[in-house]
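Each structure below is given as structure tokens.
What follows is subunit A paired twice: with subunit B in the first complex and subunit C in the second.
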Partner chain A sequence: MTALETSGVGQGSAVDANASAAGPRPVTPVTNHKRRDNIRKWGEITLFVGPALVLFLTFVVYPVISAARYSFYKWNGVSQFSDAEFIGFENYARALFGGTDPDLKQAFTTQYSQPFWEALGHNFAIIGLSMAVQLPLALLIALTLNRKFPGRPSVRVIMFAPYVLSEVIAGVMWLIIFDPNGIATDFMHSIGLNPPAGGWLEDQTWAFWVVFFIITWKYIGLAIILFLAGLSGVPEDLQEAASIDGASWWQVQWRINIPLIGPTIRIWAFLSLIGSIQLFDMVWVLNQGGTTGQYSTIATYMMQIGFFRSDWGYGSAIAVIMFFISFAVAVAYMLVVLRNDNTDRIRKAR
Partner chain B sequence: MTNSRRGGAITALFVSTALVLAACSSSDSGTTEEPTTGATNGTASDAPNAEPVTLTWWHNGVAGDAGENALGDYWDKVAADYTAMHPNVTIDISQIQNEDLQKTRIPTALQSGDAPDLFQQWGGGEMAAQAAAGYLMDLTESNADDITRLGGGVAPWQAGDNTYGLPFQFGVEGIWYRKSLFEKAGIIEEPTTMAELNTDVQKLKDAGIVPIAVGAGDKWPAAHWWYNFALRSCSQEALNAGTGSYDFSDPCWIDAGDQLNDFIGTDPFQPQFTSTVAQTGATSSAGLVATGQAAMELMGQWNVFVYEGFTDGSDQAIADLHEDLGWFPMPATSSGAGDPTAALGGGDGFSCYVDAPPECADFLAYIVSDDVQKGFAAAVGGLPVAPAAAEAVTNPVLVELAQVAGNAGYVQLWLDTAFGPNVGGAMNDGIVGMFGGQNSSQDIVDGMTAAAATA
Partner chain C sequence: MRSVKPRKFDKSVYLSVGVALVGVALTLGPILYLVLGGFKTQGDLAENPTGFPNPFQWQNYWTILSEPLFWRQLLNSTVVALATTFGVVLFGTMAAYPLARYKFRGREFFFVVFTTGLMFPLTVAVLPLYLLLRDMGISGLWGLVIPQIAFGLPVTIIILRPFLKALPMELEEAAAMDGVSRVGFFWRMLLPLAKPGMVTVGVLAFIGSWNAYLLPLLLLTGDPTGMTLPLGVTTFQGQHSSATTMIMAYTSLAMIPALVFFLFMERRIVDGLTGAVKG
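Presenting the complex of A and B:
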């Protein structure tokens, strides 16, 4: 998301720069005006960008650099940082493969490296499942809601409602539903089945799937709304022409609508990808990733170890790893998948 | 140029400090007004022309769901009484929720170098780390009389030979139970051994009653079962080797896990216990006991107040609850090197920040004085530390609990507090993994050893 915004801003300013360079003003050789314009330009830039830049540097760039610095130290967050011991890449090694100390490798692998990879695995499983489950489901609902029928606005609102709810409120609501004595358990009993033995949100097999169900419920509204917005931009005459030529409803969707909202789908996939890597709040509210990390994500794992166990150096290393994964995935996706969309847009702009 | 800039900075600092002080002293809640008249008891700082001093105080007495705040109100009164006696002192109080206070606010404030003068302190490994970092005022000499008067209860607030905090409340844990449910299952006497407890668990199950509630979803309530088995398995030397130098080589630590595993195997807990939290809502472990859905729960002395929170709040309902609520210490195991009379416990205290004015130590001495401790027991219903205040405890269960603590061979601080957040957190995670069927006894000890290697 950030990368996307940044690139958007970059393109915008590049276009502006070209426009002013190619504009008619330089033809008039009035140096005084030019200087005044220059001062005004910089004044405006400072006025409009300055406060945001200060905030960005203070609350984004500085903490990122600090985290990177902490990640090279053994630091418990209580003692003075100046007393912390510099241990190089040891925190990274502990997370990735159990560290470099042969005496501790076995213990660190089981206690730190395995939970780290499990958490990361959950993130990537959610990415895969989002594409495999949420995408077709959202597309199907969007295509259905794109047809005119009585009560369509209400259905659209209902579909979008979970996305608008705060994560914490939605999480607490599902906690109550999946409580050991909650309505989900009662429902299972009423149809003669048993709920998962360890509890809906704790069972070693089921917890992850229950959480994925909740995530899908929560975030599918965004996909539907995006796809509907994309579909509203598809020219109706194309669909009418296809219908006149004898294309069925399915053929119209498959051959016209879906290909034409391709860029929207790819943007949603990008947002979903980044969101899945950074997934935290909902999982945290649902008992912090599970008592044994059944549905931990890289962000909840970082919070558990870094913050609650006061292992700040290690937690910072996890944060930096997460930053690089998000960054690499975002850049790769932009270069490989979104490149055509961006090139198209630039070509159209010209 | 440099001078004028520095002068400007000093002026700015002065102005902002004045503003902050003005803001603090004018706030309505929690600030005690300086009285115009006040008794003085003759110490240097009490002279009418003594330098004005402002003490900032952070504690965890926050209002409950119904808006009641017995502890917070009592601390306001204590501060008002103290400032009446010491007119030069103003006390600026912040009431902060316990977990926010312990996990976020205090560590951040200490790091920033702008910590409150007096703040909540839970003792143990966390306090030792704060002391080692040089954040805490050494009270060993300034409060020597108080340390002697309070006795052994101060131990968790000591590191090495020095005292860095003083407790105002301390209690041991045991098993709370509903007498009516025991009666229904035909249990006549409180169990004193694990064998008897196992028999009673079976009787309760036969009567269709959930024997024991545990809030394993919150991790620590489940972990306390393991702590108690460790207390019975390990000698005091082995426990001290663990808390002192993270040495878990004694086989008693594995034995604790084996005993817990056997106990979990008897299926004594409510269904889906790893999805149950400890205190929030009627389906929490405390809620299950308070509403008569489960017979027993292993918990500290505070749980009587948690149970009260599930009644309608009327005097009659609370009296009925007290009537039906029993308590017995953790039963003895059949083997183990631990002292069978030893108990697990913990409490709350306060520490002074290293740069706090000397009045901080004086005010802390006032907080733990016999009279204030008696008032604490009477007004809040808590368990005071000062021996002279014991008579002010009226709740019969708390009286029994205080007796058990008094007769204990020794009282071991909660193991997670004693080990500090890193090793303590790894221990709790390992134990709840055993409740979830994932970890062996060895895995728990391995987790603690690995965490110790990172500390």
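Presenting the complex of A and C:
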């Protein structure tokens, strides 16, 4: 048994592995050899998976669990955490409806709850607009480009380039363009319109749309490239057969191409959803969500509160809420969309 | 009887080309404006925002390139991205190997543990992660590399496992016949065969690290020479807020490595993304 003991981590499970690998174990001396091989195997598994598992548990799982723990405390991140005051769900209550203390409710609603809902609203507005604007636009572009014409490979590469640029570079670039004295203002003057008086990113109605425009510029390349990749998988004879039968260009797209790249579209939609909820870098570069948070997102709000105003408990509560929203979206997506995909497959199989 | 139509799509090529041109103009226009702006004087930018630089001056670019700051940040970004890529690919492939090709109880469980990582974005974990790194005394560039490897692992393992699984099982048997151990098999046969998959995940990890902003924002405060390029750009922007053309030059220069890398790796990146998406 000494050999088993030295195998360390694998010890407890080594027996399991033995059982599963050998099935109903024959009680013969052969097992001795097998067992040695099994110990070796578990040693190898530990060696191979171990480093990744340790890194993952230490730097991903542990911080996430810590965030959940901090969210129940009032803590500034500087003092010892053991001195932090446990306040139960108060941080969550503050974010959602201004807290449970009736005396402070009014103040906390304006201080905590309103900015939270505003930021969350922006996230959901971006989700909605991505589906309503980016999706049709990207689809239309991909469908138009889905054919041979001179220079097509370069066009593809160029339109994808913004996606690979860092958010910071794209953000700073657009910050210069939308500077109150910048080229966007000049452009508005030159076509005889008035640019927003307080500046593009400060104007309460314009700011959010400008940011959405910038986000679209940055991310639409991914949608186009994914859709084009999907379209290249649609057999050409299908489209040819349809057009020989007199189907118009639109009919071919609507009846053949779009349905056939359905799975790609749905996966893009999922990525876009999750990305919209966790949106941070770009918005942070664009003046950290705006001076009055006119286009803040839940992630920029979290950073502002948690890190820069040292309310780590509250910031962590926001992080946990963000996690639950992403999680709910992921589950809903699996339930609704993947079930549809599966029933499609079943229908096709029949 | 219907006559065979001449190919009806012919004329609409113009439509495609038109859409392509508009798309290219909207994509490149702002970038071109930025790059050209770097060649302008501050006064020229105000008077003549859209035109060609007049006078055309190298001053801004030269000032930046002749000082060590930009080069230091470029070096920092490169080191961090390379170290992250190396770690992600090495540990990811190592972990994916038994998860793909060993039979053992708990295999699916371990795989699921890693996949849950997809639900934990850096944004959710970043505040406690900052504290953890502070308590562990990990600072500077290592503070970026280690968590970036950890956060890169889930997607790497998810992409690589099916890839490794698809390699024929006879390989192991043949290797075993020749007396090669499973570990020897991993180093001598699996790694060379898995190269395409490893390049794909490596490219994704490299881009992720190169563009990273949130973690550097928390960790690399203070001395600009210790920063990576994205943080360097925003810091430069904050310090030179009145010299717009300088910011334009700095941002343009910071853009070049990513664009060059992208041009060389375009196929890989697209394959990686579409592959990752298809799962």
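Quick note on the criterion: the second predicted complex is superposed on the first by the 293 of 350 C-alpha atoms of A that agree within 3 Å, B and C clash if a C-alpha of one lies under 4 Å from a C-alpha of the other, contacts with A are read in each partner's own complex, and residues count from 1 in each chain.
In this section, contacts are C-beta pairs under 8 Å (C-beta built on N, C-alpha and C of every residue); 3 or more make two chains touch, one makes a residue touch a chain.
Worth saying up front: this structure is predicted, and the values here are computed from it rather than measured.
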Worksheet item: Based on the superposition on subunit A, does the combination of subunit B and subunit C result in a clash or a fit?
Response: clash
Worksheet, complete the sentence: Winner on subunit A touched-residue count between subunit B and subunit C: chain C
Worksheet entry | Touching partner for A:L145 - first (subunit B), second (subunit C), both, neither | second
Worksheet item: Thinking of the overlay built on chain A, is A:L193 touched by subunit B (first), by subunit C (second), by both, or by neither?
Response: neither
Practice prompt. Quick one: classify A:V336 as touching subunit B (first), subunit C (second), both or neither.
Written response: neither
Worksheet item: Given the touch rule stated above, what does A:E44 touch, subunit B (first), subunit C (second), both, or neither?
Response: second
Worksheet item: First (subunit B), second (subunit C), both or neither: which does A:V78 touch?
Response: first
Practice prompt. In the overlay, answer first, second, both or neither for which of subunit B and subunit C A:R309 touches.
Written response: first
Discussion item. A:L201 in the overlay: touching subunit B, subunit C, both, or neither? Say first, second, both or neither.
Written reply: first
Worksheet item: Between subunit B (first) and subunit C (second), which, if any, makes contact with A:N181: first, second, both or neither?
Response: both
Worksheet item: Quick one: which of 4-12, 238-246 or 256-264 on subunit C sits on top of subunit B after the fit?
Response: 238-246
Worksheet item: Shared contact residues on subunit A for subunit B and subunit C?
Response: 77, 179, 181-182, 307
Worksheet entry | Residues of subunit A that touch subunit C when the two form their complex | 13, 16-17, 19-21, 41-42, 44-45, 47-49, 51-53, 55-56, 58-64, 66-67, 70, 77, 140-141, 144-145, 147, 149-152, 155, 157-162, 164-169, 172-177, 179, 181-183, 186, 217, 221-222, 225-226, 229, 243-244, 246, 249, 264, 267-268, 271, 274, 278, 280-281, 284-285, 299, 302-303, 306-307, 312, 315-316, 319-320, 322-323, 326-327, 330
Worksheet item: In their shared complex, at which residues does subunit A touch subunit B?
Response: 74, 76-80, 83, 94, 104, 107-108, 110-112, 178-182, 185, 195, 197-202, 204, 287, 291-292, 304, 307-311, 314
Response to the item:
Residue set of subunit B touching subunit A in the complex reads 103, 107, 110-111, 126, 129-130, 132-135, 216-217, 219, 270-276, 281, 283, 420-422, 425-426, 429, 432-433, 435-439, 443, 446-447, 449-451, 453-455
Fill in: subunit C to subunit A touching residues, read off their complex
2, 5, 8-9, 12-13, 15-17, 19-20, 23-24, 26-28, 30-31, 33-34, 37, 46, 49-50, 91-92, 94-95, 97-99, 102-106, 110, 113-114, 117, 119-121, 123-132, 146-147, 149-151, 153-154, 157, 182-183, 186, 207, 210-211, 213-214, 217-218, 229-231, 233-234, 237, 244, 247-248, 251, 254-255, 258-259, 262-263, 266, 269-270, 273-274, 277-278
